[in-house]
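Order as written gives the chain letters A, B, C, D and E; numbering starts at 1 within each chain.
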Amino acid sequence: MSPAIVLLLIPLLPLLTACALTIAPLRRIVLFSAPLAAVPGLVTALLPEAGAPVVIPWLVIGTHLGVDDTGRIFLLLTALLWLAAGLYAVGYTKNSPQQVRFWIFFLLCMSGNLGLTLALDMISFYVFFTLMNFAAYGLIIHDATPFALRAGRIYLWLVIIGEVLLFAALLLAAWITESMLLSDVAGGLANADAMPLILGLLLVALGIKMGVIPLHFWLPLAHPAAPLPASAVLSGAMIKAGLLGLLRLFPLGTATLPGWSATLIGLGLLMAFFGILMGLLQNQPKTLLAYSSISQIGFPLIAVGLGLAAPQQWHLLAPVVGFYALHHGLSKGALFLGVGMAGQLNTPTLMRYVTFGGLLLPALTLAGAPLTSGALAKTGLKSFLAQSPILDESLLAILLGLAAVGTTLLMGRLLILLWQQAGSSTQAITKSMWSGLSLLFAAVILVGIYPEMLTSSAPGISVKWFDALWPVAGGALLALLGRYSLRNCVTNLRVGDVDVLLEALLRRLGEIAAATKLPPLPQLPRAARWQNLPLLLLLRDTEQQLRQLSVAGVIFILLLLALLLL
Amino acid sequence: MTELIVQQQWFLWMTLLPLGAAVAAFLAPRQAHWIGLVTALLLPLCALAAIAAATLSETQTITAGNWPTPLGIALRSDGLALVMLAVTALVGFIISCYALGYFPVRGHHQSRARYFWPLWLFLWGGCNALFISGDLFNLYVTLELVTLASVALIALEGGKAALAAALRYLFISLLGSLAYLLGVGILYGTYATVDIILLGDMLAATRLNHAAMSLMIAGLVLKSALFPLHFWLPQAHTMAPAPVSAVLSALVVKCAYVILLRLWFEVFPALDTIAIGHLLGLLGSIAIIWGSLMALRQERLKLLIAYSTVAQIGYLFLVFPLAHTETMASAWIGGVLLMMAHACGKAAMFMVAGTIHHTAGSDRISRLAGAGGPIGVLVVVFTLAAGTIIGLPPSGGFFAKWLFINAALVSGQWWYLPIILSGTLLAAAYIARVLGWAFLDVKRSSYPVIPWMMKWPPLVLSIIALLFGLIAYEPVQLALSGAPVSSPVLVEFGP
Amino acid sequence: MSDLILPAILLSSLLPGLIIFTLPEESVRLRTTLNLGGAVVKLLLVALLFFHVAKREYTELRLPLLPDMELVLRADALSLLFLILSAFLWFLTTIYAIGYLEDSPNRSRFFGFFSLCVSATTGIALAGDMVTFVIFYEALTISTYPLVIHRGTPAALHAGRIYLAYTLGGGVVLFIATVWLRAIAGPLDFSPDGVVASLDPALHGSLTIIFALLILSLGVKAALVPLHIWLPSAMIAPAPVSALLHAVAVVKAGAFGIIRVIHDIFGIGFSAELNLLFPLALMAAFTIIYGSIRALSQNDLKRRLAFSTVSQVSYILLGVAMATPLATIGGLVHLVHQGVMKITLFFCAGNLAETLGIHKIDEMDGVGRRMPWTMAAFTVAALGMIGLPPLAGFISKWYLGLGGLAAGQPWVIIVLIGSTLLNASYFLPVLHRIWFVPSRQDWPSSTLRDGRETTWALLIPPLITAMLVVMLGVLAHSVGSALYWVELIATREYGP
Amino acid sequence: MELALIFDLILLITLIALAWLLLASSDIFRAVVLFIAFGLLLALAWVRLGAPDVALAEAAIGAGITGALLLVGLGRLGSAEHYRGTRTRLTFLQRLSAPVLIGVMIPSISLILLLELSLHASATPGQQGLVNVLLDVSGTNHGVTAVLMNFRAWDTLLEKGVLLLALISIWSLDQARPLFRQNDISPQLTGLARLLLPIMIIVAGFVLWQGDHAPGGAFQSGAILSAGILLAILVGYTLPTRRQGLSLRLLLAVGFSVFLLVAAATLLSSDYLLKYPDSLAGSLILLLELVATASIAALLAAAVVGGHPPDDLSKPVDRSSAVNGGQT
Amino acid sequence: MSPALLYTGSGIILFSIGLHALLVHRHLLRKILAANIMGSGVFMVFIAMGVHGDSGVADPVPQAMVLTGIVVSLCFTAVAIVLAVRLNKLTGCTTLAVDEESSID
C-alpha cells in the first residue's frame, strides 16, 4: 500500500462506511463495526514513522496530505475520541428510529474531522473542515426537539458564515502567497499588506468553531442538543479543529505581532473566566460542560497569543498547545460520555459509585490537578507567560491559577448536578458504551502519567507541585464549603446569550427578504385584451373600408398621382 | 452529355412543356392528374438542366425566331429568370403532389380536379414565360395569362365568396395591367422598342418616361398587393382551394414583383427614382406593420397566412429605397432571396391550412386546439415553414433580412431597422398564436385521416424553406450572373 | 473523415428529431431507439472529436451561405467544452424524458423539438464565426418555444409568450448588432485575438455601442437582470425541458455567446481597453445577488431553482468579465459545473412532481424518507450550488475569487460571499425539510415491483449527474476534467 | 389636312362622348348597345390611324363578339343593381371617393399625362422599316401578319393560350345554358341564317386569305366564323352529343396545340423558338392561320355560350337544355 | 397639334373615363364595360404614338400588339361575364358584395 492510499484511507474509511450504510443488506454488520472506521487514524498517529507527506495532484486541485508533529497530536486526539464516542454510540443508538441517519452523519463528521488533521494544503483543509461542520448539523438536530432545531439553525448560520469567511481568507492567502500549502501561508503572510484582513477573517472563521467570544453562543446550545456521543466529539475533537486552523494558518514563528498577541491573550483570558462564570450558572450538565469548553479553549488561545509575541520561542510553545488540546479533548470527551452514563445509573449501586469516582479523574485533570495531564499542560503554558505583551507575568500566573480554581468549582458543580440528576434516563447501558468510556478513562490516565508513550511531541516539563495543587485544592475547598449554594444557585439564566439578539435580527432580515417578493403584475381585464386594443380595432375597420373598390380606387389613383409627381 | 445539356434551350422547354401539358390535360380530363404529375416531375429536371446549361454557356439572351431585338422578343436565361424558374419548379412540384391528394380523382370534387390541372399547368407555363421574358409587351401577355389562370383557380372553389374574390381580383388585375400597358405604349411610342435591354440603354431622364414609369409601377404595385392596395389579396388567397392559395401566395404575387425588379433595375436606372423609392419603402414599411397586425387578429388560419403575405410583400418593397449605388447588390439579392424563401415557406403554410380546412371542415385557428397525431405533423410543417416568414436562421428570410439591414445601415437609412425588427417580432407573435392554439391541452377523441400526399410533400417544402439559407449560396451566385447589379453583396462601411 | 465529424455531430440529433416528428404516437419503441441512438452516436462522435482536439487537430468546415458569408463549423477547445456538456447532458436528459413523459400525449412532437433544440445547441457550440453563431442561436430560441408550451395549459402558453417576447426581442437586437459589426469589421471568424482590435479608432464609439447591444441581447438568454423575467416563468415547462433549459441549452447559450463575443470577437485585451468589461462585471454581480434574493422568497421549488439559475449563470459572466486567466477559468468551468448541478436539481424536482406530485417547497417535509436516492442527489447538487468543497461549485468559486483578486477587484469576493450566504439560505432550509422534518402526509407508496422510489429512467440520470457533481470537484485536477480542459482554453487565450 | 383634322376631332369627340354616355347611362342595355356603337366608331378611328387590321378586329371582335357576350350576359344578369341584404351605410371615405375621383384626381392624372405627351416631340422612327426589310423572309406579305405570325409569334402563341385558358376558365365555372329559350326561334330567322351562313363562311375564308398580303387574318376571320356559329345556335342548331366530348375539345385546342407543336419543333431543330425554316415559313404560317381560325371560331362561340358541355363527369342535368354549338 | 397627338390625348381621356367608371360604378357589367373602354384608350395611345410623322405608313408592330391586346381583353371580358353570371346565380347580386368578411367561414 502506498503512503498516499494509507493516508487517504483515514478519511475515506468513514466515508465508505457511511456509503455502505445506505445499502440495506449490509446495514447490520456495518452498524456494528462503524466505530472501527477511526482505527486507521489511531494507528497512524501512534506509529511515529507513518504519515509521511504525500502529494496527490489529481485530487481536487492538488492535495497534500501528511502527518506532521502538530497534526499527529491532533490526529491522535481525534481518532481516539471518535473511536470512543463511536463505541459509545453503538449502544446509545441501538434502538433509535433514526439510527442510520445518525450514523451517516456521525461517519461523515468523523471523516471530516480526521481528514482535517491530515490536510497540509488549503483546499483539503477547507474540504474536510466543511464536511465536518455540515455533517455536525445532522448530529446536533438529531433529536429534533425544538431546542435542538433552534440550536441547529443557529449553528448552521454560524457555520456558513465561518465557511465563507474562511473561504475568503484562504482565497486571499492563496493569492498572496501563490501557494496552496498551509506551511507556506505562515511565511508568506508575514509581510503582506492584507495580513490584518486575512488574520481577522481567520480569527472570526475559526473562532466560531472554537467558541471565541462573542462567537461562542452556539456552543452551549449545540453541545447539549446533540446526542451524547456527538456532544463528546463536538466538545472534545471538533472544537479543536478551529485551534488546529489557527496553528496552521497564523504566522506563528515567523512574525512578531504584538497587537494580535495582546488580542488573543485578552480573548483567551476573557473566555477562561466567562466560561467558568456562565458554567456555574447552569443546571444542565451538558450545558455546563459546553461553557467549560469555552473556558478551556481560552488557554491554548493564550498560548497562540504568546506565540505571536515571541516567534523565536514558538517551536517550544507549539508542543504545549498540542498537548493542551489533547488533554482537554480526552478529558472533555470522557466527561460527556460519563454524563450520559451517570444519567443512566438510576440506582445507587456500586457501579454508580465507581463511575462517579472515574468521573472525578477527568474532572481533576481539567482542573489541572497534579499528576494529571492537566497539570502538565498548564505548567507548560506558564513557562511562556513572560512573553506576553500585556499584563505582567506574575499577574497572568495568578489569573491562570484563579481560572483553575474556577474550573475546579465548575467540576464540583458538575458532579453535584450529576448526582442530583442521576437516573433521569432509562436507556440501557451496553458493553460497547462501557468500552468507549473506559477507553477514554484509560487514555486520560495514560496521558497524565506517561505522555511520551502516546505522543512523541509531549513536552518534557516538570510540574511544580505547589503551583498545580493550590488552585485545585482551593477550588475543592470552596466547592465543599459552598456545596449548598452550588446545589441551589441560579439556574434559570438564559442559556444562550448573544443568540437572542441575533435571532431577532435574522427574523427582521427574513421579513426584508419576504418583502422583496414583488407584487404580481396586475392582470389585464378581459375586455382590454390585445385583440380589442383600440389600435387593432381601428385597423380592422380601416381594412374593411380599404376593401371597397371605390376607396381602393382612390388610393390607387392617389398613388399613381404621387408617382407621377415625384 | 454536356453537349446535350448546353445545346438545348431548357428554359424555353420549361414554358412549352407546361403549356403543352395543359392542353393535354384539357383534352384528356381523366388522365389530367397523371399528365400534371409527370410535368411536375419533368420541370424540376428541366430547371436543373437549364441552370447547368446557363452556367456552361455564355449567352443569356436569345430572341424568339432569332429576329434581332427591336423586332424579336428577347427571352432571357439570366440569373433572376433561372432562379425564379427553379423555385417555381420546386414549389410547383410540391404543390402538384399536394393537389393530387387534395383533388381526389374520384368523388364529388371530380369536376374541380378536372379543371384544376389544365388551369394550374397554364399558370405554371405563364409564370415560366414571364420569368424568362425580356420584352415589356410580352411581359404583359404572360402576366395576363397568369392572372386569368389565377382568377379561374380562385373561382374553382365555387362558393360565392370565392367567386366574388375572383371577380374582384379580375378587375384589379385588369386595372393594373391596363395601367402597365399604357406605360408600355408610351415607351414604345417614344423609343419604338419594348425590349428591356435596349430600353435600358436608350432611356433618358425625361418627364414622359417618368410618367410611363409611374403608370407601370402603379399597375404592378396594385398587382403585387402592396399596402394600401393589398385589399384584394387576403380574400383571393383565402377563398381559393388550398393548392391554389399556395400557388397564388408563393408565385403569382411574385410575378408582378419580378417585373417591377426588372423595370427598376434594368429599364429605368437612368431615371431619378430616389423619391419614388422612398415612397415605395414607406408603403412597404406600413405594409409590414399593417399586415402583421392584421394577421395577429385573424381567427382563420388562411386569412392569417394571407395577411402575412401582405407583410412579406412589404419587405420586398424595401428593396427599392435600399438599393443605393453601393448597396445595390445587397438590396437586390435580398429581394430575390426573400422571394425564393417566401415562396417555399408560404406555399407550405397554405398547404397546411388547406389540409386543416379539408379535414376539419374549417380553418379556424381554434380548431387546432389539441392538435396531435396527424394534425401534429401539420403543425410541425407550419412551424418549420413559419421560420422563414419570421426570418429565423437558417432560412432564406433570415439572410434576406440580413442583407436589408446591411443595406440600410450602410446607406444610412436607419429608420428601416425598427420596421424590419418589429415586423419580425410581430410575425413571431402571430405564428406563436397559432402554435399556442395547437399546443393547447385539449383531449381529442379521434383524429382525421390525412392523405399521404397532403402530409409529406408540404413537410419536404417546409424543411427546404427552413434550411434554405444553408443552400442559398448557389442560388445567389446564380442570380448574380447577369444581374443588373454588381457591387459586393455584403457591403461594409466605406473607409 | 474528420471534416465530416462536425456535420455528423449536428445531424446525429437533427435527423432523429426530424424522423421522430413523423412518427405516430404509438411507436414508442422506434422513437426511444431513435432518441437514444442519436444521443449515443452524438456522444461517440463528440468523444472522437475530443481526441482530435486534445491532440490539437482542429477541424473546420466551411459552407458558403452568401458571397462573402460562410457557415463556419469549427471545433476548438472552448466549443468542445460546451459540446461535451450538451452531448452528455442531452443523453441523460433523453433517458430522463423518456421516463418522465411515459404515457403522456404528444411525445413525438416533444422529442422532435427536443432534438431540434439540442441540434441548435450543438450548432452554437460548434459555430466558428458570429454569423453561424447567430444562426444556431436563433434556431435554439424557436425550437425551445414549443417545449416551453408543451403542456398546453393557459399558464404554459402565457409563459411561452413571455419567453418568446424576451428571447426574440433579444434575438433581433443581436441580429442587428451582428449585421452592423459585420458591416464595420468584415468577416467575423472567432479568433483568440478578436477581430475588431485593429480597426480605426474612430470606430471605437460604434464598437462600444455594438458591444453593448451584443451583451444585452445575449444577456436575455443568460438571464442578466433585468432581462431575466422569462426564465422563472418558463419553468412551467416539463422537468426535462427545464433541466436542459437551465443547465445547457438556453441559458448557457447566452453565456457562451457572451464568452465568444468577449474572447473571440472583441478580444479580451481590446474589450478591457475600451472599458467594456467593468459594467458587465457589475451587471453580473448585481444579477448574482438579486437572483439569490429573489430565490429566497419562492415557495415553488422550480421557481426557486430558476432564480437560482439567474444568479448562478452570472458567475460565468462575472468570471469572463474579470478578464484574468484565473477568473476566466472560474467562469468557464462554472459553465460546466453549474450545468451539471442545476440539471440534477431539476431532475430531482421533476421526480418529486412526477412521482409524488410535489411542487411546493412546503410540501417537501420528510420526503427524504420516501425518495432517499433522489433527495440524496438533490442534496449533493444543492450543496454544490452553495459552493461547498469539494463539490463542483466550490472549484468555480475558488477560481473566480482568485481571478477577482488577480484582476485587482477584491469586491468580487464580497459578491461571492454574499451569494454563498444567500445560496445557503435558500437551499439549506429545503435540505432541512427533506431530511429532518417528519412528513406531514402519507405519500402513495411505490407501485414498482421492487419498491423502488421511482422508475429507473427517472432515477439514474440524477444519480449520475450528482455523482458527476462530486467527481467534477473531487477530481478537478485530473486529466479530462472540466477544470483541466478549461485551463487549456485559458492558456490558449492568455498564453501560458 | 384641315378637313381631316376636323373629321378626326369630331370622331374623337363623339367617341369620348359616347364613352361617357354609355358609362353614365342609367340603362345598362342601352349602355351595351352604345358600347357596340362605340366599337364600330372606334374601328373608324383605327382606320384613320392607318391600322386597318385593328379596325377589322375591333369591328369583329371588339364590337361584335364582345357585344354578343355583353348582351348574353345582360340577359342572364338583369340590369338592376342588386344588393344582398340591406345596403350598408356608405362610409365617409366612400362618399368622398366619387367626387374626389371625378373632380380632382383623374383629371389631374389625365392632365399630367396629356402635358407630358404634348411636350414630347416624337422623332423616333418606328419599326416599319425593319419590318419591311425582313418581310421577304417572313413567309407572308403583310406587315402586321408578319409581326403577328413570325416576328412576335411568341406573343401570338401565348395569346392563343390565353384564349384557350379563358375557355377552360369559363368551362370550369359553369355549365352551358341555352342562349335563349328554344321556342323563341322564329322561322324568319332560320331562313336568314340559312342564307347568311354560307356567305359568312366565304367571307371568313376571304379575310383569312387576305391576311397574307393585306389587312385581315386569323382573328378577324375566326370572329366572323364564330358569328356564324352563334347564328346557327340561335336558330337551334345543336352539336350532337357524341361530338361534345373529345372532338369538340380537339377543335377548341387545335390552334394552340399546333402552334405549340410548331414552337417545339422549331426549338428542337434550330435551337430558336419559332424560327421557321425559310422554305417552309409561308406554308407554316398558312397552316397556323388555318387551325387558328378554326379554333378561334369555336372558342369565341363557346365563350359566348358560356359553360362546359354536359358530360358524364359532372352532375347529370337536363339533356334537352344542353345546347352547344360548333360546326364549320 | 398633329392628329397623332390628338388621338393619343383622346386615348388618355378614354382611359381616364374608363378608370373612373370602373371604380365608381357598382354593376358588374358596367365595370366590364368600363374596363373595355379603358383598354380601348390604351390601345389608342399605342397606335397613335406609333404614327410617326406624316408618312401615313403605320408601324405594324404596335398594331400587332394591339390585336393581341384586344383578344386578351376579350378573354377577360368573357370570363368576367361568366363569373358575374355565376355570382348572380348564387347570390342574386349584380354587384360585388361589400361585406364579404361576414360570409367567410
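Convention: contacts are C-beta pairs under 8 Å (C-beta built on N, C-alpha and C of every residue); 3 or more make two chains touch, one makes a residue touch a chain.
Worth saying up front: this structure is predicted, and the values here are computed from it rather than measured.
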Given chain A and chain E, the chains that contact each of them: B, D
Of B-C and B-E, pair with higher C-beta contact tally: B-C
Most central chain, judged by mean C-alpha position against the global CA mean: C
Chain D and chain E, separation of their C-alpha mean positions in angstrom: 13
Centroid spacing, where centroids are CA-atom means, of chain A and chain B in whole angstrom: 77
Approximate Å spacing (C-alpha centroids) for the pair chain C, chain E: 65
Distance between chain centroids, defined by C-alpha means - chain A, chain D (Å): 107
Numbers and ranges of chain D residues touching at least 2 other chains: 97-98, 101, 106, 109, 112-113, 117, 122, 124-127, 131, 147, 151-152, 155, 159, 162, 165-166, 169, 173
For chain B, residues that touch 2 or more chains besides their own: 71, 137, 141, 144, 148, 151-152, 155, 168, 171, 175, 186, 189-190, 192, 210-211, 215, 235
Residue list for chain E, restricted to those that touch at least two other chains: 8, 15, 18-19, 22-24, 28, 43, 48-50, 59, 61-62, 65, 68, 72, 75-76, 79, 83-84, 86, 91, 96-98, 100
Interchain pairs in contact, sorted by label: A-B, A-C, A-D, A-E, B-C, B-D, B-E, D-E
Complex interface listing, chain D residues touching chain E: 4-5, 8-9, 12, 15-16, 19-20, 22-24, 28, 31-32, 35, 38, 42, 45-46, 48-51, 53-54, 57-58, 61-62, 65-66, 69-70, 72-74, 76-85, 88, 97-98, 101-102, 106-107, 109-110, 113-114, 117-118, 122-128, 131, 143-144, 146-148, 151-152, 155-156, 159, 162-163, 165-166, 169-170, 173-174, 219, 300, 303-304, 306-307
Touching residues (chain side chain B, partner chain D) in the complex: 7-9, 12-13, 16, 19-20, 22-23, 26-29, 62-68, 70-73, 75, 110-112, 114-115, 118-119, 122, 125-126, 129, 137-138, 141-142, 144-145, 148-149, 151-152, 155-156, 186, 189-193, 206-208, 210-211, 215
Chain E residues touching chain A - in the complex, by the definition given at the top: 19, 22-24, 96, 98, 100-101
Touch list for chain A against partner chain E, complex: 544, 547-550, 552-554, 556-557
Contact set on chain B toward chain C in their complex: 333, 370, 372-373, 376-377, 379-380, 383, 387, 390, 392-394, 398-399, 401-403, 405-406, 409-410, 417, 421, 424-425, 428-429, 432, 435-436, 439-442, 459, 463, 469-470, 472-473, 476-477, 480, 488-493
